[in-house]
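In this document, chain identifiers A, B, C and D correspond to the written order of the chains, with residue numbering beginning at 1 in each.
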Amino acid sequence: MASKALPKDKIPQAVSILKKQYKVIGATPKGKNFVFKEIEDPNEVTLDYNTTILPLKKFFLPPREVIVEFNLQSKEYRGEDIKVEPKVFFGIHNYELQAVFRLDFAFKNGVSDETYLKKREKNVFIGVSYIPDDFHFSESVGIPTDLKEGFDIFLTRYDSHYRVEAMTEKGREIENAWEELLVPCDYEGDPVVHFKNKLKQSVAGIREIFHGAYNHPIWKETARKCYSCGTCNLVCPTCYCFDVSDEVILGTDKGVRARRWDSCQALVFTKVAGGDVFREKRYDRVRHRMSRKFAYIMDEKDRPFCVGCGRCVRQCTADINIVDVMNALL
Amino acid sequence: MSKPKVAFFDFTSCEGCQLSKLNLEDDLLDILELVDIVNFREAISDRGEDYEIAFIEGSLSTPHCIERIHKIRRQAKILVALGACAHIGGINAIRNKMDQDEVRETVYGKDKYLFPSIKAQAVSDVVKVDYYVPGCPMDNQEFKKVLSALLTGKIPEIPEYSVCVECKAKENECLYDYGIACMGPITRAGCGAACPSNGHYCYGCRGLVPDLNKNAAKDVMEKYKLSMSQIKKRFYMFNTNYVNMEEKEYE
Amino acid sequence: MEMKNIYVPEVADLIKVEKMTELETFFEVKLPGGRDLGHEPGQFVQVSVFGVGEAPISVSSTPLKKGSFEMVVRRVGNVTNAMHRLKAGDKLGIRGPFGHGFNMDEFAGKDILVIAGGIGLVPLRSLINTVIAESERKKYGRLIILYGAKTKEEFLFRDELGMWTERDDIEYMVTVDRKTPGWEGRVGVITTLIPDVKLDLKNTLAVICGPPVMYKFVILSLRSKGLKDNQIYVSLERKMKCGVGKCGHCQINNIYVCQEGPVFNYARIEDLKEAI
Amino acid sequence: MNNLSIRVPYVTRVEGHGNIVVDLKEGKLVKSVLEIVEPPRYFEAMMKGYLYTDAAVISSRICGICAVGHQMTSVKATEAALGIPVTEQTVLLRKLLVYGATMQSHILHIFFLAAPDLFNAPSVIPLAKTHPETVKMALRMKRLSNDICDLIGGRTIHPNRVVPGGFTKLPTEKELLWIKDKLENQMVPNAKASFELLKSLADKFPAFQRETEYIGLKTDSEYAFYDGDISSTDAGIIPVEKYREVTNEFVVPHSTAKHARHKRSSYAVGALARLNNNYDKLNPLAKEVADALGMKPIVKNPYLNTVAQLVETIHVTEESLKLIDKLLTDGIKAEKPIQPEKLREGTGVGCTEVPRGILFHEYTYDNRGQIVKANCIIPTNQNAQNIDDDMKELVPWMIDNGMNKEQMTLALEMLVRAYDPCISCSVHFLDVEFKE
């Protein structure tokens, strides 16, 4: 079958068609930045964005989420009912989806976390190619721009069109639904792109390098610039640590146990009741964050938990660049 | 169980925290069911002295304040400091790091020597404080949480991480993207990033995070075109009593 | 597929509450229908107090005990304070058992050296009571227990301590950091007991649990006695919020204490810089 | 009655700390004052050296009750000093915010601070049991006025969207529609009910009268809150820049707050003063209510300030509806605060009507946009002498009317409360030593 293309000016229509069957989530501008949100007006979605402020994890692991409800009177603990609606994630960069897969691994590995996994059901992903900005470094962590793993459809960007490639049954259904918008595609191959932010070497051996670098001076040097604000954790698509607390609703017998995104950069993260803190030094925490990405947790295919989205680099007000830190170790 | 008797006392402050409680309209009547308010000068005429929980607002800035707070501490089983003035000295303490002579001169002119003044202090500088509701004004939702914790025998906890954590969770655009220096990275969270969420830089009213990296913060703000003297002013706006910008810190 | 919300506690009955010391209280818990918890010694549960929160607590009773299980809790914060206010007949929430405890098969035929500091005795009691149970005792070699507390007032399970002294299949030594009136025994930190212990180096396994500062010194002294790292087991404490390897708080380098621990063979964690 | 001594330490249900002291010896009134004993605040000194962007943040903390007013006045002073223009939309939104704040402050005062006296209750708490519907209504009205402040200013107390040159975040049209709906369907009927209530309680206000000078803002186009010239019932129009000619602050030994005087020994500001100067600009419903309550200028009974507050509450509700309609017709434009073209040395005065009366801020900046000098003149300072003057006539009047000590004490407290004094505001500037 000859490949098809979606003209850029047909994007809103393509979204309208999706909206008939699905909740559509895509990137829209917020000031100078972009955010993922549920698309109400098909014209608000954009495929030309660098990265959003927060990654897709907010849809599966919301910043604050009730995990258990309780009643003081009837002495009951109950799980939240999670309703799953079919969702299309429209115009997603490949590293973004790779990050979701890393999270899937984390929430499936060992004990399965239903609260997360339920929300991962009935998701359709429509990918889009992107032009790396000064911060992206996905290629260095094994996610070249032409990696299309996991998408149902992938849109490759050309001047005035997107080449449409359906890769799953769901994807083909959508391609069919778009039928009347599509035109024959004259384009072949994937555009060549360059990353400015790059690791000196491939991630393959990085884990071992980390193990030998526990006392490397770079940790202290970085810690001098870091004020542990936690931004890097919050915006990271693969950071998933959370805190849990119980709240009783004043004047009632009802309450909830909620989890909330936490930051391992904060001093309290490892503080226990007796006052002991297990990563007291700032450089311990800086090292922990980066080690966790590249050496401590790996998915089933032994891939690191960093997808090179560059958010932590872009959004760190202290200008700490994880790639520079890695390169100092390599 | 009898209702715990609570009292509210205000010292040097703008009374915003008093109002903040009255602004809990939807919950006010519920709260009245749960506690017995015996002293709340702004709202009621009764003046009971048999309270168990004392909520203190305002900083201590006269010898009389000091006397009064000791008396309250002797009576109260639990003492909670409400709002930035009581928690960290707040805005009243700006003058503490100024030339005291100059402060008095601005105010009294030639009569400046007539009026000795004491520095504006946080409540915990003078007596033991059990719990805090930080903020200027204190956040009434947090006050509600603290109150409900006290009523259920819990230790009210306030966050120890930074405002950025809450700001990011709300997916706000960072003010630094617009070249505006914000105190969020080094300020204790709990307000839901109230100011950045409204497009205003955080000025640190909830106090600084426990493990402040002052030098890093200073370097960042300098990059964002605040002069050193303005950086100091920012730090001293609410946190005069808790940070010294005159000396360098080493890790 | 029917999935279970792993965060929902099961509501259980408190059937016995007994104050042990100024700070520690003993709890006996019955799961619905008297079902067994099914734990191994050294494992822990997540205990929820209604409206307050959840905290990881070790199971202190032996799996051989049927129909209920036991815990001892030190009052240090919100959940533990609230537990101290509970009475027999009250309800609480239980999740677990979680983590890895002691693999009793590995201990079979071995001499066992138990070193407990303070509240560290709580999880080790589960191991001890398994070993000394009538039906089990002959499966194991010598049982040497070293116990240290700040003062004699802080001794836990006093009845049982007395019994250990009496039994001749248990070698029990105890020390306090500080002498208080009425104490005639040894004074000094727990490491001072170690030189007096005679070990069959090839056939001994040591287990350690106590406050964070204790581990380093005890391990040094066991090593200097000639024990190998893989003959030493430690039970570690870390902050925990979920108990199921998700929340990230208990992570030590690349491992989760709640998953692989809290009981570790020391050889396994030796090169984890953040462990001890 | 020949000898009498009344002491009310820490008058309750007012904002800040004040004591009533009345001494009558051998038939002669030797003392009748409101002692203001609030600890000093030193704001003018503390603002020195701060950047123009920080001025409103700090001066807002002069008073949490009047925070909107202080911020508004502060940014206006800064804009005047540095030559920062603002758009029409900014002005409309600022007015809406001022009205929201006025509503919330007036409602708080009428129902929570003043009403208990009319119902013979020590506070609103017992009223919640005896008059639950009234209390719930008052809470709803207050909630709504807070919501307006939240939606326009970011929050009610120390709003965080108001900066020189505009707003850091704007309300959405949806939010404006929500406010409109609530004002029409909730505030208007509730305000009418409040009017009926106050009418039925009108005889509880002492019928005391005293002539004085009433000062407030005035403009041709509307009942002035946000902008205008200074207007006096004695002296006509005075430009805002000449405010010092009006306020003439002076020190008295019994008060940590400065007092003020203009043409007479004292003057009054606040709702009643505004009404006396702006009556003809009242919106229709407000005017109807004013007339029905006998509030035609010049009203000389200070106790009726509370009634004037209700009239104003209704007026600003009507005015807010007009503003919202205009904002919605024009559409909300995504404007960012206007930055000063170039920092320059300069002095500027800002003046706004805040719930308790006319408020002035004056700042002088250096060429780096840092404050060199600040001066803030607060309504309660301006009223302080007027309260003392009222008390001086009120005591003999009460004796003539055969009131006993208890009744007199209550009437004195009610008088102080009627002014809705904001004492923590008034001592932003210490004049005399704190005394017991």
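Basically, contacts are C-beta pairs under 8 Å (C-beta built on N, C-alpha and C of every residue); 3 or more make two chains touch, one makes a residue touch a chain.
The structure displayed is predicted, hence computed values, not measured ones.
S.K.: Ranking chain pairs by contacts, what comes out on top?
M.R.: Greatest count of contact pairs is found between chains B-D.
S.K.: Need the central chain here, defined by C-alpha centroid distance to the all-chain C-alpha centroid.
M.R.: B
S.K.: Can you work out the whole-Å distance between the CA centroids of subunit C and subunit D?
M.R.: Spacing between the chain centres: roughly 65 Å.
S.K.: How many angstrom lie between the CA centroids of subunit B and subunit C, rounded to a whole number?
M.R.: 43
S.K.: Calculate how many whole Å lie between the centre of subunit A and the centre of subunit C, each centre taken as the average of the chain's C-alpha atoms.
M.R.: 39
S.K.: What whole-Å value do you get for the distance between subunit A and subunit B if each is reduced to the mean of its CA atoms?
M.R.: Once rounded, the distance between the two centres reads 36 Å.
S.K.: Two or more other chains touching the same residue: where does that happen in subunit C?
M.R.: Subunit C, residues with two or more chain partners: 51-52, 77.
S.K.: Could you list the positions in subunit B whose residues touch two or more of the other chains?
M.R.: Residues 152, 157.
S.K.: What chain-chain pairs meet the touch criterion?
M.R.: Applying the touch criterion to every chain pair yields A-B, A-C, B-C, B-D.
S.K.: What residues on subunit B touch subunit D, complex-wise?
M.R.: Residues of subunit B touching subunit D: 11-20, 22-23, 25-26, 28-29, 32, 37, 40-47, 61-62, 64-65, 90-92, 94-95, 98, 102-103, 106-108, 114-115, 117, 136-137, 194-195, 198-200, 203, 227, 229-230, 233-234, 237.
S.K.: Hey, which residues of subunit A end up touching subunit C in the complex?
M.R.: Residues 67-68, 70, 72, 75-80, 106-107, 109-115, 117-118, 214, 240-246, 248, 255, 257, 259, 262, 264, 269-274, 276, 278-279, 284, 288, 291-292, 295-297 of subunit A touch subunit C in their complex.
S.K.: Touching subunit B in the complex: which residues of subunit A?
M.R.: 30-33, 35, 53-54, 58, 63-64, 220, 223-231, 234-235, 245, 247-248, 250-251, 260-263, 266-268, 271, 281-283, 315, 317-319
S.K.: If we count contacts the way the header does, which residues on subunit C are in touch with subunit A in the complex?
M.R.: Per the stated touch rule, the residues are 3-11, 48, 50-54, 76-77, 80, 91, 93, 211-212, 237-239, 241-242, 244-249, 251-254, 259, 273-274.
S.K.: Could you pull out which subunit D residues touch subunit B in their complex?
M.R.: Answer in residue numbers: 10, 12-17, 38-42, 44-46, 48-51, 54, 57-58, 61-65, 67, 108, 112-113, 116, 122-125, 128, 135-136, 139-140, 142-143, 146, 154-158, 160-161, 163, 167-169, 368, 370, 424-425, 429-431, 433-434, 436.
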